[in-house]
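Got some structures for you, see below.
After this come two complexes, each holding chain A, first together with chain B and then together with chain C.
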Partner chain A sequence: MSSQTIEFFTHSYLKRFALPLSMIALAVLATILQPAFLAPKNLQDIFTQAAPLGIVVLGQAFVVLVRGLDLSVASLMATVAVIATAFNATSNAAIPVIFAVAIGFSALVGFTNGILVTKRNVSPFLATLAMMIVLQGLRFYYTQGAPAGSLPDGFRFLGTGRIGGIPVGLIGFLCLFTLLGWLLHKSEFGRKVYITGGNPISATLCGINSDRIIILCYVICSVMSGIAGLFLVGFVGTVDNWVGRGYELDSIVAVVIGGIALSGGVGTIWGAALGALILVLLFNIVIILGLPVQAQLIIKGVIIIFAAAMFVRVQKV
Partner chain B sequence: MKWYSKMSRRIGNSLRRLHLDPSLLVVFVLLVIVLIAGFALSDRFGTVRNLMNVLEQSAALGFVSLGQSLVVLVGGIDLSVGAVVTASAVLMAAVVDSNPELMIPIIIVVLAFGTLIGYLNGYLTLKTGVHPLIVTIGTASVLNGLVLLYTLQPTGGVPFWFEEFAYGRIGPLPIAGVIMLICFAAVWYLLKYTTLGRSIYAVGGDEEAARLTGINSKRTSLFAYSACGFFVALAGAYYVSRTGVGDPRLGEPITLASITPVIVGGLLLGGGKGNVLGTLLGVFLISLLNNLLNYMNISTFIQWVVQGLIILFAVSIYASKVKKL
Partner chain C sequence: MLELTGITKTFPGVNALDRVDFEAQSGEIHALLGENGAGKSTLIKVLAGAYIPDEGTIRYDGIERHWASPRAAKDAGIYVIYQELVLFPELSVAENIFLGRAPKTRFGAIDYGKMHSSASEVLNRLGHNLDPRTLVHRLSLADQQMVEIAKSLVDDTKLLVLDEPTALISGRETELLFECINNMRMSGVCIIYISHRLEEIFELADRVTVLKDGQKVDTRPVSELNRELLISLMVGRELDDIYPEKTLPPKEPAPVLSVRDLKAPPTVKNVSFDLHAGEIVGMAGLVGAGRSDMAHAIFGSLPRIDGAVTLSGETFNTPTPRMAINRGLGFLTEDRKGQGLLMLLDMASNVSAPVLREFTNAFGIDRQFEIQAAKDEIERFRIAIPSATSDVVHLSGGNQQKILFARWSRACHRVLILDEPTRGVDVGAKVEIYEIIKKLADEGVGILVISSELPEIIGLCTRVLVMREGLISGEVTGSQISETTIMRLATTSVAA
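Our next item is the complex of A and B:
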């Protein structure tokens, strides 16, 4: 890339608006290629699919901001799905109980990840990798490979329902987005997240308990994954042992596309959300163009390397 | 937790004084525990026949972990190994299926293909400055997409004689196991006694410092990534030889499995520290453990849990003050 191009992309406005612009460009491209893209049905599909991934990405963003990485998100989603169906509940009155248990369990998983990373000094990659394998083993052992059980009808509404044409998943995502956006950008905790991610040692010297911040970020990430797991099991309708498979890598891809640096301390919640949306848009474009599903993988691979390379360039200048 | 870390550090220090690599000792002790448990708990486990079978079956894990070790030593990580195994297996089985006379050339082509993908991973990492984790997720995604576009079912076939690679024996020794051991020995020699090998440690330890001492750090990293691709393609060939077909979903669990022996063997993610001997012991540990758990009729699912706990146990013993990756 020539220096002029770099200057062009690093111009402050473009830097700020690069993501929304590329998303709009994608949407325009999709509409030109296939006008059906703008059909309300398709848009609803996009948002219904984007919601669970988006929720995971919000959580993943917190972990990446403090120089971490969570590979256990997908495994946790499936585990939460198995837990939810294990109740075998039929009445909607059980939903709050299921939510409470699922979120409690997720928080425990996140707490364990955080303790391993901070107190035992295990690299995030390995700690969460081990957690992923352990959860997978426990889940399969419990279900003996063939999960059974049922969900109250209310769950289907979470996954596929609409309120005034707007998918419930999207509403859930927006609520969490607002909450976490406030937490990250307006609260004291959020400032501490950035300081810890930027440099944990100087954060400690500033009197921030950086271990606690990091542990909280892992808890947030796991709780988000748990919630996403519940939405996704509502969308799929039945439970299987691999609900959310691939989300661990997809969520990291989305975070990177969204401009959050893996080295920590740089990025916004907007970036995370847009990263997830761009990824889902790309998947959708592949589908509506009638390309084989496998093409998604190829496009995803090329985009992630390209996007990551772009951001490395932009941040270096 | 305090006494625990203090104790492990003290043990580590006293071992260092005795010129023993503490990380090797941990995996060695674990291996001995598994062997003793095996002899005690099952009368079939300790037979020469079973141990040779384990050696034969561990070849695939050995090849990929050996490749992964090299990349980890230069401070990288390769999450595309599963995809490369799949792609080389499918490529091999698909081409040879109708032209058995191409068997020998295709072995060379597949190994070159693996090396090329490894080189590409290294090149993209160095050229773009993007974390290898992301780059290799990207290449893996592209490779998987291409393979699945080509076929969704196991495809192709190989001539009968090629099965000798996976099942053949020289006396009691399995050919695949012997080839794996030779590869490990070669890499061990390379790392310990050649300039290139020492450069790999230097680059992994501190790339900038290595560059300033006149080491061509880019070429060293590229070598490590390419060699990784080579060994991973070899694992792909092994799988084809073992199953007789190219399975497009073969590689999925391999990527993360390849990392466990590396970590348990005491290599530090982030580079510059460790020994492939540790990886080899790690490969034996995982293979023997799974074999033993099979004999004890313990389900695969619990084997996963045990594997996860072993990773955690090992890394929290090795936990260093310097946190990388």
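Our next item is the complex of A and C:
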């Protein structure tokens, strides 16, 4: 492949619109296969399902942009869910307290991940894998394998409620999307994320404390996972030890689909969001076609291979 | 033994070798000399089959050769020991020596007994006792070099090339190495020896070939040469009028940058100097003299164990690049691509990177302001780029370098350290960069130019500091600045 063709793929309109186009193509395909796809109930399901994953993916995007990876997101979601129910609160007045504790705990987890990766030079894979296991252990130790506890009624609103017909989860996602979009694409911090992810040595020589930027990215990712955990536990209503199971890989797949380079420094918040949406669409198509759930795994795997192959090609420029 | 005739090798934009003849005999130590970039490594790579010459013939062992690969040259008995050793640190001495050709037992397993005894035997031939079972990473650098040479002996080497073998070792270790090289000469091996240290040439070599700008200057027996003659062979060249006129700035009493007893081991042993506003000071020295590390230690990107850096009267002890930048000290590194440009970002972001705060308001980065600033820089430095939001990847080296000048001159107004500012740019861009440097100095910026190209230092600077082995070995000013004076300071051992 000549370098000019490669450039066409990386810089042309084709590339810029590849994600929205493939999403629309998927939606059209789904409608043709099963007209019920467009039913309001199904669309609501898709968004309700996409919201928590989408929130995690936004966080994961920050970590991947600085050449990292966070495998602890799903385990953190479940742990936050356990923490939320551990209050056994019945009054809605407890909700802000639950939020504060959950988010504070998540931030601490992210901070630890970040310190391990930057100050101790542990590979992101190992650091966050270890964190995943530690969180799982803590959770199981506390619940003794049988989680109990309850949530104030107001919590259910997070997962199942609607404002003006729009799922609360979706509204939450859109707020976070706007906030993080500003942070990544408009703020000084966001620019430093791209500089650090693109060339850590240059970043240091430009006076950027790249360790601090990387640590903050891990904190953002964990806080997003914590928030997603709260939404998900609100959706399910009861806690179990595996809230958010599989989200660690799903979020990385979504990030890759969204065109965020695992080698860092390339990708947008739009890409992350569309990546999450495309993944959920694919899962939904599997379900409405009545295919076995296992087909989701096959699709996931194929997508990773496809996205990775495309990605490597672009990297050769 | 070896005869190269009319070797020419061209890389895009550079004539690395221009009709070079070279000849070496068995049982001879033939030194290859020249400044950085004179074409020594290219010549070595041609004779070892790593490069295919554009023109010219290679006769080796009486036959004309067209090496298909380095492997082919190696099989014919040509062995090159490069500056960076290529041993496997986690394997033993014997395993490294016999890598890929270990003696086998009847059952196909490696015969360690035999391997260890053969390794000992080879090492003994070198007059060196090493336990072949030792893991290589436990050895000193000199011992590792012996292992490399032992590898070459197993190969039945007829021609051995040593590229700056003493760059990393010293004293007693050097003596051992010389002894071993002499033993090999005695047994009829042809040795090509590259070194910057002239003392070594006089101690070891039989003949010397000097290269300059890709051409052969001369080949002479060492007995006909002395130090001065050799240096003049290496440098003899006039300056072109590509450099701006030198003017001495009005000397202010206090230096803008003052460095005292800077120590950042192992490369920077002790450096002190002053730099005044508007001055262009050169920092000369051979590759490996510690100049770049010194710059990093001043800038705060390399830890220093001791020393004071004072910028406009303010001393900072625990430096970081951020502190240096905020106080007006900028550093343009030698590695434009790896440590300079942000290849994934556009031109405007490349310029604003060290001073993002200046472009940030309550709503975030003011993109319009950033792009306008970049446009100003494009005009000021006449950068050939489609727009301020274009990529920087595809630009020529000269334009990329100008972007870095835009970045650092915008961010830092007091001192700029320029490490190899014209590396890899064509002559036209060089002239423009010299003009930029001169202009910045005239605006009052103190400039330290680190360069391995002596003509550049001589043409630009009003004062030249020479560094050797981590120390400032001398300073030349005004009319005393010449290649001869600088080379003498750069190559004379400080201890001697």
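Here is the rule we use: the second predicted complex is superposed on the first by the 302 of 317 C-alpha atoms of A that agree within 3 Å, B and C clash if a C-alpha of one lies under 4 Å from a C-alpha of the other, contacts with A are read in each partner's own complex, and residues count from 1 in each chain.
Assume contacts are C-beta pairs under 8 Å (C-beta built on N, C-alpha and C of every residue); 3 or more make two chains touch, one makes a residue touch a chain.
Just so it is clear, the model here is predicted, and its values are computed rather than measured.
Trainee: Between chain B and chain C, pick out the one touching the greater number of residues of chain A.
Mentor: Comparing chain B with chain C, the partner touching more chain A residues is B.
Trainee: Could you say whether A:300 touches chain B, chain C, both of them, or neither, answering first, second, both or neither?
Mentor: A:300 sits against chain B, while chain C stays out of touch.
Trainee: Look at A:91 in the shared chain and tell me whether it touches chain B only, chain C only, both, or neither; answer first, second, both or neither.
Mentor: Neither partner.
Trainee: Name the contact category of A:199: first (chain B only), second (chain C only), both, or neither.
Mentor: Only chain C is touched by A:199; chain B is not.
Trainee: Considering only the touch criterion stated at the top, classify A:136 as touching first (chain B), second (chain C), both, or neither.
Mentor: It touches chain B, and chain C stays clear.
Trainee: Once bound in the complex, which stretches of chain A touch chain B?
Mentor: 69, 116, 119-127, 129-134, 136-141, 144-145, 249, 252-253, 256, 262, 292, 294-302, 304-305, 308-309, 312, 316
Trainee: Which residues of chain A touch chain C once you look at their complex with the stated criterion?
Mentor: 182, 186-188, 190-192, 194-195, 198-199, 201-209, 265-266, 317
Trainee: In the complex formed with chain A, which residues of chain C make contact?
Mentor: 299, 301, 320-322, 324-326, 331, 333, 338-345, 349, 353-354, 356-357, 360, 363-365, 393
Trainee: What residues on chain B touch chain A, complex-wise?
Mentor: 1, 77, 124, 128-131, 133-135, 137-146, 148-149, 256, 259, 263, 269-270, 299-309, 311-312, 315-316, 319-321, 323-325
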